[in-house]
Structures are given as C-alpha cells and as structure tokens.
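As structure tokens, here come the structures.
Here come two complexes built around chain A, the first alongside chain B, the second alongside chain C.
So, the complex of A and B:
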C-alpha cells in the first residue's frame, strides 16, 4: 500500500454517535430551509394533517357520546391515552417517513445508491426525508394531553414529567420498530405495500386500552405486533398511582430491544437483496 | 506498480425462483423451492492499473453492472478473487467506499432538495475531507468547468446535463482512487457530452484517478479510453488497446456515397470479399454519385460486429498492436 493510502487511513477517525448526529442535524436544517421555500406546499400539507386529526378527534367524541366509559376508562382518561398516542406517533411520521419509499427504491434498483457511501445504510436512507406534516399532529397531541392531564388532576412533579418523557420515547420506539419491520419485508416479498398499510392501520388500536382486547388478540398486540406499547402500557406509568403492571416498567428495555431487532431485520434485508433490479 | 483493481477468475451466480404461469402457478411459486441458477459473470480475470481510463463495454445484460457491483463491494462474488485498492471490497464495504466514487446512470446520488454546494459540504463531512483538500478540489473544479451557475441551484431544478455534471463532481470530491462512471453521457446533447468528457479527462489527469467507464456511446470511448474491455454473456471477450481493436477488422472500410438527392449512403465493405470500386460502379449505374468518402471502420461498427459474434481475427496486413498491460 502506498503512503498516500496509509495517510488516508490514519486521518479517518471512527464514525460514532457524534458524527452521525452532526450529519443528521445538517441535513435537517438544509431540508427545512428548502421546505420553507415551498410555502404553499408546506401550508397545505400541514392543514391536511390537522384536518385528519380533527376528523379522528370527532370520531372519538361521537364514540364517547354513546359509551361514557370503555372498560372502566372514563372520558378524560381516554383522552389522555389519545393525546399520548398522537405524540408517540410523531417521531415515526417525522423522521422515519422514507420507509414508505423503500419498496419503490428496491423494486426499481435505485436503492443501490445508498450502498456506495462509507456510512450506515439505514441511517443514510432514513435521514434523507424529514416530514414536517407530523408537527401538526404533535401540536394536537400536546394540546389534548395537557387538557386531559389537568382534568384528571395528576400532580405536576419533576418525576411525573420525567416519566412522561421517558415513556413517550419508549412508545415511539415501538411504532418505529413496527414500521421498520413492515417496510423491510419488501426485500423479500412483492406486496409489501399492504403489509405497511395494515401495520399503519393498527396504530388506531393504540388509542384504546389494551385491556379491551382479550385472549389471543391481547397476546398478539402485546408481543407480536406491540401496538399495546404505543400508548397503553407506557401511559399507565402516569395514570395508575399504585399498581402499575410489570410490563410498563419493562417497556423502555423492550422498546430498545424491538427497535434493535427491527433494525437488524432491515439490514438483513439489505444484505440479502441481490440488486438485480437494474 | 500496484494495480487499482485485480480480479482473478471471478464468477457470480444468481438464484432465481422459477416462475410458473397462471393462478395455479403463482400458488405453486409461493411454496416452491425450485430455484434456477443463472451465471451473470463467468470466470472473468482483469487487471486495471492506477490512473487508467478503461472503457468497459458490452451489450445490455452482459454482466457489466454485476461486475461493477462486485468491485464496489455491494455484491459478493460466488467464486474467485477480487482486490480493489488492496482490499477485498465485499468484506469491508465501508472502508472500500471511502476510496471509490460512483455515478450510476441517471440516478442522482445527491440530496434532491439541497443546493449543490450544500450537498458538497455534506459529502465533505461524510468522507471527512480536510478543509484544505476540499477547497483545493473546488478550485480545481472551477478551473475545469463553469460551476457557478449550478453551485447554488437545488438538484431538483437542474437540467439532466447539469445533474450529470454535479454527480460526477460529487463522485470526485473526496479524491477517490477509483471512480466508476456508468453511462455518464446518456441522453445529453453534443455540447454537454463534450463538456462532460473534457471534465472526466481533466480530473483523471490532475488527480491520477482510475476511471472505469461503462457506456454504449462510442464517442465517450474514442474521446477518453486507450484500453477497452468487452464483456458478453458474462465472459470477457476483448481486453486490449482501442487501436488494436480496429486491426481486428482491418480489411473493413466504411464507404460513404453522396447520391444525386444529396443524401449520404453508408456501407461497410470487407475488402477481402468485395472490391470497393465494384460497389461504386454498380451504384453509379443505378444513380448518379456526386461524392465518395472511404474511411477506416469506426469503433462503433467494430463493436457492433463483436457483439454480433462475428469472428474477430486480427488481420495480417496491419502490424499487431502491443498487448495491453
């Protein structure tokens, strides 16, 4: 190996967390700048997102008009769960939206371009798209949560806030994991679009207490497709004063585990995929 | 001198599921383990020296992309040995990709919504290019091509030519040892093609970058490459100087005749079988000929003949060209 090559090898430090967060921040800032320049697009898509949420909220109100309590959960507790799930669904919408494009990229062969750079393929792919529409949902979710919180009368302590942040992050990890895994199926099967749509529809179940499900569905939505962790179990940490179920305390660790497994599954797909689509 | 790329007896097979027709067939496919092996690359050996510009040619589906994908570390060969910049690419894709640049057809690798200069800055960070080297590279770009009009333009607003130009510049930005260019001039007008070719030649000379150029455009080959490699049906069928190629069909001439209606008629003539004068006389009887041109066979015609599987025998009347290194 010549001197030049050795020199090149020496000057490259390892690409760690700091490196990736710096790159991500720069992409994000640039992307936001360019999005702002398309103002009409920005306004319309934000408006659309708010309308979708309003429609969802009205459905919720009508439902509650007919059933004052669901499985022992009253209006304000249900509202808390609703707001919690909206916030928890924001990261998957804002930061992991490119997963929806994965199958088109894979089928057309365009996906190969992500394999030519000396950075993590998953990071490179996911970092490419930041979806601002999710921010409207975030605002809506925060409003709902604050309203419900004040009506239930949970004392606002530092510990409660800390719990809220930790368990919101946990909840979003589960949804991200579900969508990662659903998107990655495109490396193996043709009709992966349906898998993604179905998984994304499941998020609607997150708004209801998992205790309404029984038997096989409860197990399915807890351990196989962990929808119950997107709002129900994490929110119990705040709503339940005394008897918080064991699964709630396990949620943060399980969230990291599910995310890690989905990431590994995604990367396995990349390795397995033979790039014949060109 | 150490090679940039060494390939020894490289083979690549793909397993493809046998598809059956009809609904019944689709259901069978669901459970079927009935794979068919297709060899995309068969026993290819290749040595590419540092600083060369190689024209890598072959008809569609010949195995060009598969070879490039093995060189870039995206695919692992089924058998054989491959060394790129002293590394086995598929074993360490990340380390390999630090020292290569890739432009894959018309698929832009830049950030679609960002101005070019921001894409450059991101690439500088990703490849950890020191500030001084980055700046001198931008200076070099300025001296080779007028980059001002595109530097602050988002990639999505660019014309195809500007985008190709940007992609090539981006591929050279981290001063890689090897750059792979796949059909860099496809779909471009004549002026833009010339600009792109000048740029590639300039960068190759200034930086000593090895360039692997895949193309169907013989103009690219004639303008840039001294050596060409032709692959067909997964096998290497030619690997030598471009001038040597012409001696393969040395007895062939391209005859162009301007007819009475001012159109040019072009014919490839094998002098061992036909006499040029006979052809002209015969045509003269049918139609008035205003002008004639007799040319050496063009690279394009030679390649066409090789693809068509015509016997490629170096003709005896020309001195054999020296073997390529």
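So, the complex of A and C:
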C-alpha cells in the first residue's frame, strides 16, 4: 500500500458498517476472479462437497435402516434436525473458510501482512476467502428441511418462517465461534492443525438431539463446546412450538456472546503473534 | 535397499513428530472428547432400539469397534496428498525427486516415523483403556498377532490409495476436492463411521470386496474375532482380500506415478 492510501485511511477515523461492507465487496470480487481461473478445481470441489453431504445422508439412512427411533425422535424429526444443521453450518463454510489457512500463514510468517493494514485484522483475514462450494450444502440443507417440514405437518405461518430465519442465524454463530477458537489455537500451539479437524468432525454430532448427553457432558456440549446449539436447541423453537425450553430463548444472546468471545480469543492470538516478532 | 538408510528416515520422522509435543497432547485430549460423543450417540441408539443385539453386534462390540476404528484412523491417517501439493507449489518436490531413492519409497519411509509415534501414543493407550473399561471384552490370544499383520497390510493399502489420489492431483491441480472425495468414500465404506455389520445386505455384499474395507474393517474384525475369523477358514479369506488389494494397488500406484512424474511442471521450482 502506498503512502497516499495510508494517509487517506488515517484521515478517515470513522469506519462503520458501510466502510467495511464496501471493502468486503471489493475483496470478494477479487477472490471470485481468482477462483474462476481454476475452473477444474471449482468443479471438483463442488462435487466433493456434494459427495460429503451424500455420504452423510447415507450414514443417516443406514442408521434408520437398523433403528426406527433415536431417543424418541422419529425419522422425519431427525431429518428436520439434519437439514437445519446443514443450513446452520453454511455461513461458517462460506464466509469463515480462511480459518483453515491460518496455521500455515502463522507458521510461514505470511500472516504478518494482515497486521500492516489499517483495518481490523480479523475482518481482513476472514474476508479474503469466500467459499462458493458451501452453497451446495445450503441447497441440500434447504431441500431436506422442506421435505421434513412438510412431512411433520408444521403449519407454515409468517411467525414460523421468522423464527426459522432468526434461529438459523443464531445457530450458525455457534459453529463460527467454535471454528474461530479452534483456528486461533495455532497462535500458541505448533502442530495444532488436528484441533480444527476434530472440531470440524464434532459438527457431525450436531444433527442428533442433545438430549442423548447426560451429566457433565451435557453441560460440556452445551456451554463449552456448544454443539447442542448448532441445531438442537434452536430447532426446538419450531418443532416444539408449544413447549420451548428456556435455553432456546437464550440462544440468540448466547450466540452473540460466543462469537464475541471467540473473536476476542482470536485477536489475543494476533497480539501474541506480534510479540514473537517472527 | 540398505535397511539402515530406511531406518534413518524412520528415526527422523519420530524426532519430527515428537517435536510438537503440545500439539500431540491437545490432539489426544480432543480425541477423547470425540469418543465421548460416539459413546453417547450409540448408547442412545441402543437404548431406543429395545434389544441388546443388532445384526450380531452388542453395544459393547459396537463401541469397541468404533473406538478402535477412530484410534486406527488417527494412526493410519497420512497427508501425502496435502504434502505433495504443497511440495509442488513450493518447488520442493524437485529435491525429493532427486534423492537416490524412488519417490514412493522415500515418502513411505518418511511417514513411518510418525506411524511409530502415533501407534505408541494413540493406539496402544486407547487399546489399554478399552480393555480395562470393558473388562476384557477383547479376546487375548493369537488374534493379537493376526491383528498386527492385518494392520501392516492395512497400512500398505492405505498408503497406496493415498499415492494414487496424490498422483491424480498432479493433473487436476485441485487438492481439496479430490482429497475430500477420497476421505468421504474411505470413511463411509471402510466401516469407520458405521460398522459394516449394520449395512443393508445387498450394499454390504458389494462393499465387502472393495479395498476400503481392508483398512479398518478387516483388522478390527480379526481383533474382535467376529465372522469366524478365529478359525483358519474364516481368517484366510480376509488376509487374501487384503493381500490382493495390496498387490493391485501397489502395482497401480507405482505405474501411475512413474507415468505421471514425467509430466510434473513446477513453476519456478
């Protein structure tokens, strides 16, 4: 960045939502352009994404081939939960995919380039990659959810749709928070790549009712590694509209809190990175 | 081939993976939590089914199978595809190709060190914990020896599959996509996510002849002495299948690699 540009940024102390969304659009266009030049990669990656969803679905079918219900949840309710989790997992896939590159950048020292820009480091780093193939998962999730919804026979009202949108957004915050925190461990621990891999595998359990956990592990998977919030609690707002548990209503506030904490943790790592001067 | 040279590679690998001690410790801990998830899921599944034995598998059998499958997965997992794509991007692959040893052999033995470490640090502790928790539900006898042999064969099958996929990546310049397809297929069809015993009959018949089963299902079947694998007549077909796939995949991956390596283009390497 030349001096002029830096000066221009310094002279402009107010950086609100408009400023960042303008930058995001610019970075996004660049990213999509560079992706377009690897067309084969794009096609194969999209195919791979569809494959993982199909395989997940086959696993699900095999389970229900052997067992008619799981903890009182029948096939269509489970399918609802499954579709819900797929949609809730889309934002982390589409917008926060660059977290996977964090540890390589930190290890090689390339990460320092993000610290030299006069904008929020986290924002700049995350906005650099938009993962298009996540949209395939979104389509798969919507299809599953609509199918399950119509089979359970929940009335389609404006209120139900509004609740669905709000709680889907809420649910997605939890997975984003988990992956942010998992990625940020690389600031402290070398060779921590596996933490991300295993946290990403945890998401496969989000599609089962959290009521299967008991005792201390229920607390662990609700408040420490909040996979119970990725689908179970938010979806109860629609599935059990008459008897919504307290935790479901708390979910939006908790989601914002978890996201904020993960962001703080991530930024703490950045500061630690500066100190090592590597 | 001079075995001393190969063992030197193993030693280097051991030292490298021991270097990241904290990372390994965190990995072990995260794994334990993962196993807790698996435990609760299957406990709920068996509780709702109302019967103790489903398709010849009790809850204990399923748990042992899945826990050890996870442990095997951690120990067998290789990152040949990722490493190779990064080596090509950075041009480092030239150094590996110039080594006075075939690239495949070099890769295999460089990984052997981390296999040794991971086997000692993840598989053996998991095995001991499972034994204590289930009060000796794992039969102790000759099956342990057979299991060791089956695991080595599984390692070879896995390595050659990785090499095949990594070679495909030379052409496509796409790593993530190819790798995720491979991983998904292996995890599903090898029985690592759901024991093969639960698969519908027709589907299982097909899967039983595929190479993926040789990686997780066969070693675990032998260890747990399921499907008559405690008798010679039950054991031999399993070993036969593994051996056949080792041979087929070794030939295929070597030929494919030798053919493709001439085509590598390294930008600015």
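As a working rule, the second predicted complex is superposed on the first by the 256 of 278 C-alpha atoms of A that agree within 3 Å, B and C clash if a C-alpha of one lies under 4 Å from a C-alpha of the other, contacts with A are read in each partner's own complex, and residues count from 1 in each chain.
Please note the rule applied: contacts are C-beta pairs under 8 Å (C-beta built on N, C-alpha and C of every residue); 3 or more make two chains touch, one makes a residue touch a chain.
It should be emphasised that the depicted structure is a prediction, and the values quoted were computed from it without experimental measurement.
Novice: Once chain A of both complexes is superposed, is A:169 in touch with chain B (first), chain C (second), both, or neither?
Specialist: neither
Novice: Counting residues of chain A in contact, which comes out ahead: chain B or chain C?
Specialist: Partner touching more chain A residues in the overlay: C.
Novice: Check whether A:70 is in contact with chain B, with chain C, with both or with neither, and answer first, second, both or neither.
Specialist: In the superposed model, A:70 contacts chain C only, not chain B.
Novice: Check the residue A:31 against both partner chains and state whether it touches chain B (first), chain C (second), both, or neither.
Specialist: In the superposition, A:31 touches chain B alone.
Novice: Scan A:116 for contacts with chain B and chain C and give back first, second, both or neither.
Specialist: first
Novice: If we overlay the two complexes on their shared chain A, which of chain B and chain C does A:160 touch? Say first, second, both or neither.
Specialist: neither
Novice: Classify the contacts of A:62 with the two partner chains as first (chain B alone), second (chain C alone), both, or neither.
Specialist: second
Novice: What is the contact status of A:23 with respect to chain B (first) and chain C (second): first, second, both, or neither?
Specialist: first
Novice: Mind listing the chain A positions that touch chain C in their complex?
Specialist: Residues of chain A touching chain C: 38, 40-41, 43-49, 51-52, 55, 58-59, 62-63, 65-72, 185, 189-195, 198-199, 201-202, 205, 208, 212-214, 217, 220-221, 225.
Novice: Can you list the residues on chain C that touch chain A in the complex?
Specialist: 19-20, 22-24, 26-27, 30-31, 33-34, 36-37, 40-41, 43-45, 47-49, 54-55, 172-174, 176-181, 184-185, 187-188, 193-194, 198-200
Novice: Using the touch definition from the top, list the residues of chain B that touch chain A in their complex.
Specialist: Residues of chain B touching chain A: 2, 14, 65, 69, 72-75, 85-86, 93-95, 97-100, 102, 104, 107, 109, 111, 113-114, 118, 121-122, 125-128, 130, 154, 177.
Novice: Touching residues of chain A toward chain B in the complex: what are they?
Specialist: Contact set of chain A toward chain B: 1-2, 5, 8, 11-13, 22-23, 26-27, 30-31, 34-35, 110, 112-113, 115-119, 128, 274-276, 278.
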